[in-house]
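There are structures below to look over.
Each of the two complexes below includes subunit A, the first together with subunit B, the second together with subunit C.
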Partner chain A sequence: MLNKRLIGVVTVKNGWAVQSFGYRRYLPLGKPEVLVHNLDRWGADEILLQCTDRSHPSVGPDFELLRKVSDLGISTPLIYSGGIRGREDALKVVSFGADRVMIDALLKNAPADVEAVARVLGIQAVIANLPTKNAPEGMLLLDYHSGHEMPLAEAVKLLPLDWISEVMLTDWYHEGYSEAFCMSLLAASDLLRKPLICFGGISTSHQIRALLANDSVVAIGVGNSLNYKEHAIQALKKDLFGVAIRPPYYESSTL
Partner chain B sequence: MSRKTIGIVDYGVGNHASVQRAFQALGHACRLSNEKDFLASVDVMVLPGVGAFPSAMQALHSLDMVDFIRDQASEGKAIIGLCLGMQLLAEISLEHESTKGLGLIPGTVQPLQYSACHIGWNALEVLHQDPLFMPCNRMSVYFNHSYVFEVPEIYRAARVSIDGYSYTAAVRKGNVCGLQFHPEKSQTVGKQLLNRLVEGLAHAK
Partner chain C sequence: MNTKMNLRCVRCLYPISHPLGLVLDESGVCSGCLIHEEKDRLDWLERWRKLELLVAPYRVESGKTYDCVVPVTGAHDSYYIVDTVKNRLGLNPLLVTYNKYFNTPLGIRNLANLRIQFNCDILIQNINPQAVKRVTRTTLRQMGSIYWPCIAGQTVFPVQTAVRYKIPLIIWGAHQGIEQVGMYSHEHEVEMTRRYRKDHDLMGYEADDLLSIFDSLGEDDIWQYRYPDDADLNAVGVRGIYLGNYVRWDPKAQHEQMIQRYDYKGASFPRTFDTYDHVDCYNFMDIHDHIKYLKCGYTKITDHACREIRFGRLNRKQAQQLVKQYESQPLIHLQKFCEWLGVDERGLEFILNQHRNHKLWTETYPGKWQRKPETDDLVQVAAMPESGFLGFESHTQLQMDRDDAYITVGKGYP
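Presenting the complex of A and B:
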């Protein structure tokens, strides 16, 4: 059986790691590389470094931050998100130490470029981030730039999902709040037909256990709540005994 | 542990930084290069990889590295292929189109059967009691791939089983070996395996 994954998420704005509340309000947490280093030491299954302010075409990915993270010599798989404008950016991000790239704006703005990224990196290295919200009229996909929302059922027809391996279903409205992820968003799996990473408002083992019980959910992203105690990943994993995830990792438990 | 020299083949496609940092953290001298004189002089040559097979082979051809790597292998050079780098050791790949590989280990790179991609941590099952791999038996390592290198059983050093399907996780033919997973991103288990491979293969040269 394939183990499911617990992903430590570090959100970055203006070069600083931040605690985000629905991507509307932010509290500073410190240097992103310090948080990444902690997640590496604590045995996260993957680390997602998401830079939220890099999507203007003149900005691009935060290579300086990637260099700092690379210099740490982390040995945990790294996913990078933020400002990837196409094939060349994606290749450079990987050469700086990322293992996978997460794409958001490019999905809508230049679907053909997503194919180009997948052709050079392999589909397994490409993840789509879909910021969604459940509303009375159905599930809505948010465009961060314009602030407009459109029905997910319509948006899916326009997205190049054949060229991505997994979808991160971000409950952006509840992101940053404790145990707030909207479980009804899981119905999106019928539309997307892709393995899902759930993120946004996920903080407790009880909630993670419930989400991972869904066959479509292959991974959980946890952000803010990991930053307030030492060894937070091991503690969460310990509470997830019996769930199909890699057991907590301690230096002494290896070879 | 003795300090070895490692040459990472720079063909423009790959996760060079992570691989280089991993070997340096283990205390080895490690450099990224596509200079044949340098690569011929190292104890261990590493083929890294994140990406698609056709682009990678095209890059190796454009750098005139294909025959060089084949010659080095036939002379007994220790070679380690990582992820895509392991698949490049194959005779042929069916990724996107049919593409000839380095042909250092018999077999074909094929699409995964159970799913479009294999992403995550899974336990290795080491085969043939290979002493370089045995300490990793039943240890979890990180996989991220959508194609798999199917080889004759004699060259399969380790496998991984998922939902009734069994896939090649590591290959070895003499001093040439390949790992489908990412040891450089498999925390302590991965680093210690890399160290054993470097020590074992360089010693056997």
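Presenting the complex of A and C:
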């Protein structure tokens, strides 16, 4: 069985790594490349660099930031998200050092372009981000630009899911808050039929253990709470003893 | 004129270009002011109980070693921290201090008095002053900082001591990121991390990042500034907590208590009204403050004024006037620093001009620089406040009754 993964998420706004709370309220953290370097040293299984303010068509991906990250020479696989407008952007993002790309707006705005991205990078390098929320009327998918929500069951029919390898199920409403991820969102796995990365309001090991017990969940994204304590990734992994996940790693210059 | 660089919080005076990062909400209030509101909202008695529970497992019943490491200086909240740790929490701390070599006689006196008043053991780290000077020259050239070695030493020596003596708990005072820009909620109970130290305290440069084939700095110069390995930290279980997450942190009120109870002494500075912070250093409120102006466009008076606005002891207009008055005051200890480092003032000025923030400054003529216009340029400059403004008392001068010169303790003279 393949190991499951713990993904360190770095959210970037206006060039700064930030703590995000429901993508509505932010607190400053520092330089994104320093956070990425730290997660690499801590032995995160994967790092997601999500730039939240790159979606205007004239902006595009943050290549300057990717260059800084590339200069670090990290060994942890890197996912980049933010401002990818199509095949050319995706190719350039990978040429700047990202291993995989995460796509959001493109899924809805230009599904055919997602296929083009997957054909050039390989499906394994394409992840879909689906910001969802559980409501009385069922699961809703949010369109960040318009602010409109539509039933996930309907949206799924329009999404080019054949061209993506994994879906990041983002509980955007609870994102950033402690132990707030809505477990009932996991029901989306029946609709999506893709390996899931869960993100948004996940901070504790018992919550992660419960999520990873679901066969559809292959990875967990953790953001804000990784910045509160030293060795936060290692502490989570230590508490996840028995789960199919890489053991904690502590860097040593004497080894 | 209201450009992105000089966009400021509508409540305090911090610009969005604050080096720690600052977020404005939709009404223009900064993250620092919003998090400060927690000081009047949280149940601090409950938070104190959380602190008591947190430290309980670290109490060494045998009394054969220390319960915790507490970093101190001859200024800057040290008395309050030690009083809280020793007298209120009942812990037995090992005090540690890094000798930054810019010591004022008042700072040395405050530190000696601290040790006597609280009857604690203290370790002092004296790095080879020649190495410190070499590192200072490099950081001055590379990042326009004379203070990198001081901050690097102050932030790493306690951690090295914790590993070496196998004392897992380090207790710091307030978290600068919370106090200034609201980086975290107090309820996040953020702890010391190597990432924060590198990112903010050290401006992105750890000790090994200073080494370059284009510089003469060597391994022998920087090794004492290295952070302990993750494996060593984990083996001892080292963690550093901040009292500011559990105690309603108010530096002015705290210093006033410490003056009354333990004879802490303050002194006046030409560039701020706060007489309590940084009285242990000739350079922090002088050349270091000037460098902050060149790079960030504001000085320590803005930090102090913002803090006092948030506590409701100053209004924004008064604060703006104070900033205008103080931030342009001339330096008075520059010559001492130049002599210590072995540079002349023109040479230092040349290097510092390489690090001026071009978004904030314009070179109008070779070597002549002008601050770009700001939205608050029309603020009237008020008269310099009287001694004892807002209750900040000055008890002596930095040099006290001695020569106005650095006090060098430890390895070597000068």
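Observations, loosely collected:
We adopt the following convention: the second predicted complex is superposed on the first by the 250 of 255 C-alpha atoms of A that agree within 3 Å, B and C clash if a C-alpha of one lies under 4 Å from a C-alpha of the other, contacts with A are read in each partner's own complex, and residues count from 1 in each chain.
In this text, contacts are C-beta pairs under 8 Å (C-beta built on N, C-alpha and C of every residue); 3 or more make two chains touch, one makes a residue touch a chain.
Computed from a prediction, not measured in an experiment: that's the story for all the values here.
Applying the stated contact rule after C-alpha superposition, one finds that A:Lys229 touches subunit C and leaves subunit B untouched.
Once the two structures are superposed, subunit B and subunit C can be ranked by residues of subunit A touched, with B on top. By the touch criterion defined above, A:Phe241 lies against neither subunit B nor subunit C after alignment on the C-alpha atoms of chain A. In the superposed model, A:Asn38 makes contact with subunit C only, not with subunit B.
Contact with subunit B, but none with subunit C, is seen for A:Gly73 once the two complexes are overlaid on the shared chain. With both structures placed on the common chain, the touch criterion links A:Trp16 to subunit C but leaves subunit B unconnected. By the document's definition of touching, of the two partners only subunit C reaches A:Gly30; subunit B does not.
On subunit A, the surface patch touched by subunit B in one complex and by subunit C in the other comprises residues 251, 254-255.
Partner subunit A is touched in their complex by these residues of subunit C: 20-23, 25, 31, 35, 177, 181-185, 188-196, 198-200, 204, 229-234, 238-240.
Residues of subunit A touching subunit B in their complex: 1-5, 43, 45, 70-71, 73, 75-78, 91, 94-100, 119-125, 165-166, 195, 218-219, 246, 249, 251, 254-255. If you check the complex, the residues on subunit A that touch subunit C are 13, 16, 18-19, 25-31, 34-35, 38, 41-42, 227-231, 234, 250-255.
Subunit B makes touch with subunit A in their complex at residues 13-18, 21-22, 24-25, 50-52, 55, 84, 95-96, 115-122, 135-136, 139-140, 142, 144-147, 162-163, 182, 184-192.
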